[in-house]
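I'd like to ask some things about the structure below.
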Amino acid sequence: MLPLTDSPIARDGKILILAYDHGLEHGPVDFEPVPETMDPERIFETATHDAVTATAVQKGVAEAYYPSYEDETNLLLKLNGTSNLWMGEHDSAVNCSTDYAAELGADAVGFTLYGGSNHEVEMAEEFREIQEGAREHDLPVVMWSYPRGQGLKNDTKPGVISYATRLGLELGADVTKVKYPGDPDSMEHACAMAGKTKVIMSGGSKTDDRAFLETVEEAMSAGASGLAVGRNVFQREDPESILDGLEQVIFEDATAEEALEASGAEAATATDD
Amino acid sequence: MLPLTDSPIARDGKILILAYDHGLEHGPVDFEPVPETMDPERIFETATHDAVTATAVQKGVAEAYYPSYEDETNLLLKLNGTSNLWMGEHDSAVNCSTDYAAELGADAVGFTLYGGSNHEVEMAEEFREIQEGAREHDLPVVMWSYPRGQGLKNDTKPGVISYATRLGLELGADVTKVKYPGDPDSMEHACAMAGKTKVIMSGGSKTDDRAFLETVEEAMSAGASGLAVGRNVFQREDPESILDGLEQVIFEDATAEEALEASGAEAATATDD
Amino acid sequence: MLPLTDSPIARDGKILILAYDHGLEHGPVDFEPVPETMDPERIFETATHDAVTATAVQKGVAEAYYPSYEDETNLLLKLNGTSNLWMGEHDSAVNCSTDYAAELGADAVGFTLYGGSNHEVEMAEEFREIQEGAREHDLPVVMWSYPRGQGLKNDTKPGVISYATRLGLELGADVTKVKYPGDPDSMEHACAMAGKTKVIMSGGSKTDDRAFLETVEEAMSAGASGLAVGRNVFQREDPESILDGLEQVIFEDATAEEALEASGAEAATATDD
Amino acid sequence: MLPLTDSPIARDGKILILAYDHGLEHGPVDFEPVPETMDPERIFETATHDAVTATAVQKGVAEAYYPSYEDETNLLLKLNGTSNLWMGEHDSAVNCSTDYAAELGADAVGFTLYGGSNHEVEMAEEFREIQEGAREHDLPVVMWSYPRGQGLKNDTKPGVISYATRLGLELGADVTKVKYPGDPDSMEHACAMAGKTKVIMSGGSKTDDRAFLETVEEAMSAGASGLAVGRNVFQREDPESILDGLEQVIFEDATAEEALEASGAEAATATDD
Amino acid sequence: MLPLTDSPIARDGKILILAYDHGLEHGPVDFEPVPETMDPERIFETATHDAVTATAVQKGVAEAYYPSYEDETNLLLKLNGTSNLWMGEHDSAVNCSTDYAAELGADAVGFTLYGGSNHEVEMAEEFREIQEGAREHDLPVVMWSYPRGQGLKNDTKPGVISYATRLGLELGADVTKVKYPGDPDSMEHACAMAGKTKVIMSGGSKTDDRAFLETVEEAMSAGASGLAVGRNVFQREDPESILDGLEQVIFEDATAEEALEASGAEAATATDD
């Protein structure tokens, strides 16, 4: 376990990851609302916002674009991922080795674990290799902990999310990213269940500014250490504004209300939807 | 085979393992009776009790918490394990390498073998690698020997438990952990079948103090070398008290009756249920 | 990501690959129109045309024929491939290691990824090893990105082709080869989706000169960096002529009309069909 | 191929292996006739009989007991094996590496091949690694060649046994252990089919002394090099007596009749059944 | 690609391989016509005939017998093979590593590829490793190219044989062994399709001398580089005689008629059938 206080992907122990692996995981459809977002440069520009503590991309995007931005954002290299052309049981290909991630200048590595999938055992063993490899390079490990599969009717049920954060702790993640379980009490339980592993909430699909900031405020109050967000930032015409708001809530202990006022994000939202 | 007399996970050849991998294997539900137990610190504190010869946890919990307790308890690193979100045939992911376990300061390693599972062959081969790797680090190997699968209607049948302890001997475990087969004669047979491999009984789900201590007394008289216990200790409000009793039975040759009197555990039980 | 401007498989950042792995992928049937084409020497002779920036073959053909042509054409070693005797789910055997490709003098390596196949995850992991191995040898990586499988009714649908080019970017290809999606707008979208990864169009089965050159003109105008072509060149009696035309369109910014006039290819076509 | 004349597991080119892997392969049930036999020490004591040229056990038994007997018997380390809790297609886990076997002081290694099983290909490849590893340590390789599987109605049919001995020769075993095919002519054929590979017969389940010794006499006359026996020795109250008889037949060219007279085994049998 | 002119397994670029892996592939039944042939020494004696350029056997036979014949015949070590007890999809176990083949003094290595089998991809990848390993030892590679599987009703159809020889070229074999496609034109096409890879015909099951020699003559005229033959030589009472005839046809450009007259093979045939 690496102390996040000193980690390049955190600021004062808080984290705001700009996630941008949608081109692999979801394909072109996620860039339709704001077509310019298909260009990784636009996202790296967005990532230069002070609020962003790391940018999460796949190997190819890191190779091609990160060298121009390495002084301006930290790299969280997502090591596995699979297209949604895949129709098989939930699984994720390991697309980058830990050694190569380190060579590309990664400040941390990310890995998706689909607990409950028929590939859970195999994925957990891949995680073992990546986690132990990351330790050799002193790289923090962020687990995308997303229970899936035949045994799960509802993958945001509180008990499932608390199990998801616990998997991060038990298997050796420094940070675990989960979906918001829907209410602050469940989030608090999930954070407590993670012990010393930090919990960050997943931004999910795009919502309006107020709803989004309120959820983040709830999550932070419940013990979360931050947020990993993609569409909820980059599918807006004005990502700066929502990042201003998120910075207030995550790093400045502001309420959503205060953040909205300070950033003027709400007004922007009106034209965004 | 390593002589347990000198082993850090035994005292006078007797063993009391505090097992705490429930967060992975069972999930949050096992912490509901005493919510504080979701915090590994609580368990490591409990493990500082003199009776506990080793604490069994998964890699992530060891990484995050063991450094603060390495002078106070011995680490039995459980190398495999799987969530119960898993709906497939009985199997267990190898979550930690032997080398990394040694690096984390493990005093012994643990491995679950599901004999009879359709993954038995694969698991036995994983065990081979771990056992031989552990020998290089002079680490004792504890096998959780739990027959499972389509051919088994009853996994605590005496013949099954005796087969389970024998698997530990044949495959090279130093200690084999099995469920109690229900009566002292069957336990004696199971212990004899294990030859020089030590047999410890699994604590199982929570029972009352008297019943629990009597079973442990029976097991010890039948030739067991101790106990690995989780819920039956940590799901009590007063784990110290039952550990006092277990210490009497396991290390001092006390009867359950004597232990109950000495430790006052029975009284505690009354308020616990 | 390697800058293609300096790449041996590009000229002024443009690419024309003569692909010749049909003997493996399709078998003898592809050589029936012009039986002499079963002889790799004929193809390597054709590849000495100035327009051809690289010749793509499997390991065995490279071993046996490339030494005589290494001063006259660049070698793009195709690392995987499978016969069409194969009746299983879309998959492709890795027939050559990256190290051996380098030893054979390859200037670049090629790899087919069937996104959407039930083997996608396995193929992506093979791609990882090849891509990272190629980086060690400073070899550009060309991905044949061909979505396939149960979830795909139409593998040249614009959305599919744009997803295909994106896979090349996300996974770390320098160049991605896709089928032409049918119209310039879709091709433009596919090229934009690829970011800094170059996109080349696949020549496909034989068409007449005008239709072929017009499609290539469309693709180039839409942002493609060139073409990988096999049958559409070697199944002609006069491959020189169509290569003259392609050279005009790809490297000289000529229209198809201009190229046809300059090369006299159209006349040749008349006798070719 | 290693010359057995000089081999530690042979005497004058003849072999009598005391096999004791029943605890793994069959479980406790094989020790019921003579309960003391569950203790490996009893078997190692039996193995000190002059007639025994090697004792075959799994890794765990070797680790725990062989150090006390290494001056008195030779170790044939059986490298694979599986419990009969296993309900899958015939297969056998590799429980010990060749290197570790050598480290434990093995004088030879053993491996079961189930020709005809759906795991035949995989097992043959495991055998390759073990056989080549054993060559590096100059260890003779004994194949338990037991055809099994859907295509085989009768696994002791002469043609099957001759195929079994041939597999030993073709794949590189020094000694091949097969079931007795039922008559001397078939055994002679099986031995001839093995070429320079020695053939030893499997002792099988317990029979009376006369029947057993007569079968061994037949096998030796037919060209066998000896016997690997477990239950037919250790399930007797007086294993010494039958070993006396076997010594006569295997090493002294005695007939069963002569051996029975000399050893008094027949009389013992009378009280044994 | 290694020049066969200098190859130890060729004479003047022509090849006659005496194949003897029938004990593994077919079992004892292939030795029934001439029982002495179950003894590898008989075959190695036969292989000392001047016509034989190499003897093809599995590892075990090479280990046990080749040391006595290494001055008299060249060793083509067949690296994979499977018993016909196997009832699964066409597959072949890799029974010998390339390194060990080199250590045993092999002059070349052989490998069976079942194109069209559901194991084609896996077998092609095994071939890659063997082919690249053989290159390190400067050993020629002979592919037994035998299309099989659900998609193939007739595995000697001309198109299939031409595809089979092409697979040898594409994947990097120096020599490809195929079944005779039935007529000289098809054989000529198959040889042309193989490019610089040499094609040898498989001897198949026993036929009479005239028919056999005529087929070989046809194959040689069609461009084949020789023959790999087993049963059609060793199932004869007088293998010398047919080898005399084959020597004429393969190395001396004789017609079958001339060869029959010179060798007197036809007369021998009369008593053979």
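First chain written, first letter: the chains are A, B, C, D and E, and each begins at residue 1.
The definition used in the following text is that contacts are C-beta pairs under 8 Å (C-beta built on N, C-alpha and C of every residue); 3 or more make two chains touch, one makes a residue touch a chain.
This one's a predicted model, so the numbers in the text were calculated from it and none came from an experiment.
Rounded to whole angstrom units, the spacing between the C-alpha centres of subunit D and subunit E is 36.
Centre-to-centre spacing of subunit A and subunit D amounts to 59 Å, using the average Cα coordinate of each chain.
Listed for subunit B are no residues, as none touches two or more other chains.
Taken as a graph of touching chains, this assembly is arranged as a ring, one closed cycle with exactly two partners per chain. One ring covers every chain here, and the order obtained by setting off from subunit C toward subunit E is C, E, D, B, A. Contact residues of subunit E toward subunit C in the complex are 1, 115-116, 118, 120-122, 124-125, 127-128, 131-132, 135, 147, 149-152, 159-160, 162-163, 166-173, 189, 192-193, 195-197.
Across the complex, subunit A is touched by residues 21, 23-24, 27-29, 31, 38-40, 58-61, 63-65, 81-83, 85-88, 91-97, 100 of subunit B.
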